[in-house]
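Both complexes shown next keep chain A, but they swap its partner, so chain B is in the first and chain C is in the second.
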Partner chain A sequence: MLTFSAQLLVGATIAVLGTCLVLVIVVIAVRMHRQGRQKRDEMLLAPLRGPLITVASGEDDDGAATEQLTWATGVTRDVLDAAIVDLLTKIRGLPAEQLVGVLTAHGAVDRAKADLHHRSLVRRAKAAQMLGLAGGPDAVPLLVGALGDSTVQVRNSAAWGLGLIGDASAAGAVLAATGGEQGGIPASTSAETLQSMGVGISDVLATAFDDGDARTRMVAAHVTGDRSFTRGLPALRRLLADDPDLTVRETCATAIGRLGRAEDVTVLARHVAVDEPLSLRRACAAALGELGEAGAVPVLATLLDDADPRLAEIAASGLLGLGADGRAALAGREDTAPVRAARTVAELQRASA
Partner chain B sequence: MTGFLEGLRSAVVWVMDVTSIPILAYFLLINTSLIVLIVLAYLEFRAQERRRATAVEWQGAGLAPGVSLLVPAYNEEAGIVTAVKSFLTLRYPRHEVVVVDDGSTDETFARLEQAFDLVEVPRELPHEVPVRARILGVYVPRDGRTRLVVVRKENSGRSEAINVAINAATEPLVAMIDGDSILEPDGLLHVTRPFADDPTRMVATGGAIRPVNGSRVIAGRIVRVEMPPTWLPRIQLVEYLRAFLLGRTGWSRLGSLILISGAFGLFRRDVVVEVGGLDPNSIGEDFELVMRIHKRLRDEGRDYRIEFVPEPVSWTEVPVTATVLRNQRRRWHRGLWETLWAYRSMLFRPKYGRVGWVALPYYWLFELFAPLLEFFGIIIVPLALFLGVVNIPFAILFLVLAYGYAVLVTLAAMLVDEWAFHKHDRWQALGVTVAASVLENLGYRQATVWWRLEGWWSSLRGKKHVWGVMTRTGFDEGSA
Partner chain C sequence: MTAPAGDHVSASDEPVQPVRVLVADDDADIRDLVEFKLAQAGYAVEAVADGASAWESFEAHPPQLVVLDVMMPGLSGIDVLRKIRESEHPGVPVLLLSAKSRDSDVDTGFAVGADDYVIKPFSPRELLHRVNGMLARAR
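Up next, the complex of A and B:
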């Protein structure tokens, strides 16, 4: 007769070993399922690969290949639709329109509209992506609605879809959702979406500089600089001076360097002072060089003797790019390490150009 | 003789009586914590799987922060050129490679100089992170375009070499990577994504590391993933699966990741500079750096995130001989002890949140003390069996349960790997991994227990650590 502790030990050992066995079986099952599915998909797609390539490469002049693709049914249709969605992220123009036509004929676009409210977040996210790829006038309001989804995956997919459509009217909704209370939209997606919306977003962008979330302000600053929205300059100057987040300030400095004017030399010069964080000083020094304004020469010249050799080298590189005035400011300092380093790098780049 | 055996028997019985309850409690606690980690890792992988299933195309344009890859190199003549070429060709829109030749006595620098036509730049490096060693020169390729910087310095160790590289780096993110590691072509895109998504809060990410032994490598790229040819690296592969796919993933889910592997970690440069770079006096410099970042940012009440990216990012060669493995494990455990001791003030302090209340106590209890308890078991159980003071079937059953549980944890990691990444697609590899998870318990585990205790003991005695040499067999370039 086994004691209670021995019974417990035997039971626990059997449970552990049994679980091990189950895990091995599950691992094997997962692999077999994956490999089986891959083979099945390849087999189903094989007869349609030719027409699919014909359409995707823009060679379906008579529309025969497109029509052949629309005939697919059942599981083959689902596998084909997935392959088309993959292709649509890589192609544009008429081939893309023809493939969207195939998806529409298969009912995939209508299913996507319904799936935006599906219980599964994966289905909702994929539906948002499908609507973005398919485009169409009714997709924008649906995707704007999906920006308020409770999961980041769906919001991210909706923003991405809006980026594909490029309708500037959705910019406000994208920015509002960027730093949302539920975690918002990833900054990278938000920025790429806004960048694809053209010049019509500059007004909306200006309002985002006052957003309470640092991520939103950073995205606004980045897009303003990247797309050269000069109307955002006053806000960029303000945030460079006052924003509590250093990353936002650095982004503003870089943006001002891209699109700033002569008066921005003073703005940037204020932030190369020694009491500012070093990374911001460097960003402002680089921006001063990027501005290309002769007024930056005296400011950069004062940085040549800075205690930080990187800052001094950035200043020297900036001066070398500012023409005769800049080069003149380097006179008498040729023997210093930052100037020699900047000059050597510039000469190497010039020689290989 | 009989009297001695009687005395010994009494002593063993007494020790077992006194320790049985605490050890049983410890056994239950450690296994429960592992179950919790498995559940956390499962939840994280389910979320990751959803993210993967719903991922949208991202080429790193726009907000992708620039990355400086920091490569310390000491006597790496065999593979440094291939490694640097592969780093330079990674799929990423803005990255530079900073190699620091740490006073190599072989042809490391000459190989680089020849391969990239290096010319000296009279550049003075910033001193943002203090460095003791003298800088001998800074070099860049003559073409003026290739984003490579090579710094030569006096030999002063890996940590100082990385600190020099941090000073030389010009991008906002720095990735610390070993010169003999291989990065996945999209590896940088994976590990920088959290920074691009949350640029104002993310301060560090760690990527999963896998053993490369046995895989087919061409021009610094893995073209076919294979199992290592011998059992020692095979067992380490199983350990890596467990550590990265369950451990780090689980801790990341809990928001209390305190260890990012030194073989690959990505950090905000300004944060690393702010905390003073790597501590050259620390043996567990990677662990120590992450702890210092946690402490500093939590002391200042800053909102920040440190995340683990489970996608395989970096592949590294693991030791193939017991001598090298012993040295590595001694160093790891010594580093663990010294870092935990240095940051003991963070234990159970409310301002350190889960790091202080969960992660650190776990590391103290189940990482640091585990080999001590296991060693006790290794000594006492055979002794008790020899003296006949325990029921033999009972003891065997207990051992089967203990080691069976270890196998179970490994199999859970294997399942995650098969489900999410399935890097090893041969059926034979599956069999070998299962076998390795069992064989690990027969000798390997006991040896590592002893080596870890050696490392701990040498630290307690104040013995100076000798790094030793990690003998690299090199990648089987194109012939494996």
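Up next, the complex of A and C:
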């Protein structure tokens, strides 16, 4: 006769095994369902694969293939639309415009506009993606509105779509969403979107330097450096000197390293002083190397003996990249740890290139 | 359609083999449309789905030009490019076609020996122009 605790153990084991079995069955069923659906989609799409590739490759001179795609109906049309959306992430130019025309004829673009307010976040995110890929004059305000969605997935999808369209008029809204309530959009998404909007965003970036939100100022500084908007240099110098947020100051230093001038050696050198935060000193040292100005050599040389080994290594790396003057400053220090590390990193970078 | 670039007739009016182009991309959409685009322009295209097949094909029958995706399972496009540059036919023009759009990615491609680098999403028409140009310069 089993004791009560033994019976309990047997019961628990059976329950666990039963649960595992059910989970395995569910996983297999889901996989089979997916595979079945994938096969069905492939079968439905097969007769249209030729016309689809013809249009996507820009070889539909007489419009016959486009017309064939336009006439798809029912489930085939839905499967085709999904395939077109997938293709639109891979191609651009006239073929992409023709495929958008097919989506429009199918009513997919209009449905996407309505779906931006659907209760399913997946539908809303897909709708934002579709509108970004389709573009068009009324997509921008709709996507700007979607930047205020309650979920980050939809907000990100809207920002991605705005980046695809590349309309600089949406730059202000993207920057505002960066520092918005409910989390807004991540700084990296915001920066990536703005970088796709070309030179027309420089005015908006200039005003963003004075925004109350540190993330917005950081994104403005990053994009200014990345896109080489030299008009932003005075603001970058100002924020490097006195922004209350350390990350903003570091980002400004990096940006100045990318687009600064000879006079910025002094600006950056001011912030490698020992009384500055270590992360800022490192960012400024790296920027001095990136700047490529011979005037940075004596500043970086003084950092070779710094108490922070990483800072000394950054200085050595900067000097290695500053030509004969920089290498001369390293003379007699070849066996020191920072210079050895910098040389190893440089060799590894060369080898991996 | 763009004027045929893969000449089928020599200056002496003797038929010649069309220019062979090897295309490697694990994305069936891209592979099919590049193959179709180049075939429509008169090239003899062999399309494969991974780096290992690309290298195998290159070794067996070196083409006049290679279009390589960078991110492929197994051997990447960069790996294949390295092998091509170390092979008996190091001068075959190679165009990298990739979604990797950072400056450092492009730098790496050229540093390893790519002749051109096209970022996805791409214009098929532009790709064809680039292929034509590379082959014209290689002649």
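Assume the second predicted complex is superposed on the first by the 274 of 353 C-alpha atoms of A that agree within 3 Å, B and C clash if a C-alpha of one lies under 4 Å from a C-alpha of the other, contacts with A are read in each partner's own complex, and residues count from 1 in each chain.
The working rule: contacts are C-beta pairs under 8 Å (C-beta built on N, C-alpha and C of every residue); 3 or more make two chains touch, one makes a residue touch a chain.
The model shown is predicted, which means the values in this text are computed figures rather than measured ones.
By the touch criterion defined above, A:93 reaches chain C but does not reach chain B. Contacts of A:43 after superposition: neither chain B nor chain C is touched. When the shared chain is aligned, no partner comes close enough to touch A:25: not chain B, not chain C. Legend: residue contacts after superposition of the two complexes on their common chain; A:273 is shown touching neither chain B nor chain C.
Counting the residues of chain A that each partner touches, chain B and chain C differ, and the larger count belongs to B. Of the two partner chains, chain B is the only one touched by A:10; chain C is not. In the superposed pair of complexes, A:241 makes contact with neither chain B nor chain C.
Contacts of A:344 after superposition: chain B is touched, whereas chain C is not reached.
By the touch criterion defined above, A:199 lies against neither chain B nor chain C after alignment on the C-alpha atoms of chain A. Note: residues 89, 352-353 of chain A belong to the chain B contact set and to the chain C contact set alike, using the contact criterion stated above. In the complex of the two chains, the chain A residues touching chain C come out as 49, 53-54, 56-59, 61, 86-96, 352-353. Against chain B, in their complex, chain A makes its touches with residues 6, 9-10, 12-13, 16-17, 19-20, 23-24, 26-28, 30-31, 34, 89, 121-122, 125-126, 129, 153-154, 156-157, 160, 186-189, 191-192, 195, 214-215, 218-219, 222, 226, 245-248, 277-279, 308-310, 313, 337-338, 340-341, 344-345, 348-353. Remark: chain C residues 1, 27, 29-30, 32-34, 36-37, 40, 107-108, 111-112, 120-126 touch chain A in the complex.
Chain contact summary for the complex, chain B toward chain A: residues 50-51, 53-54, 56-58, 61-64, 119, 121-126, 128, 138, 140, 142-145, 170, 172, 193, 196-200, 269-270, 273, 394, 397-398, 400-401, 404-405, 407-408, 411-412, 414-415, 418-419, 422, 427, 430, 434.
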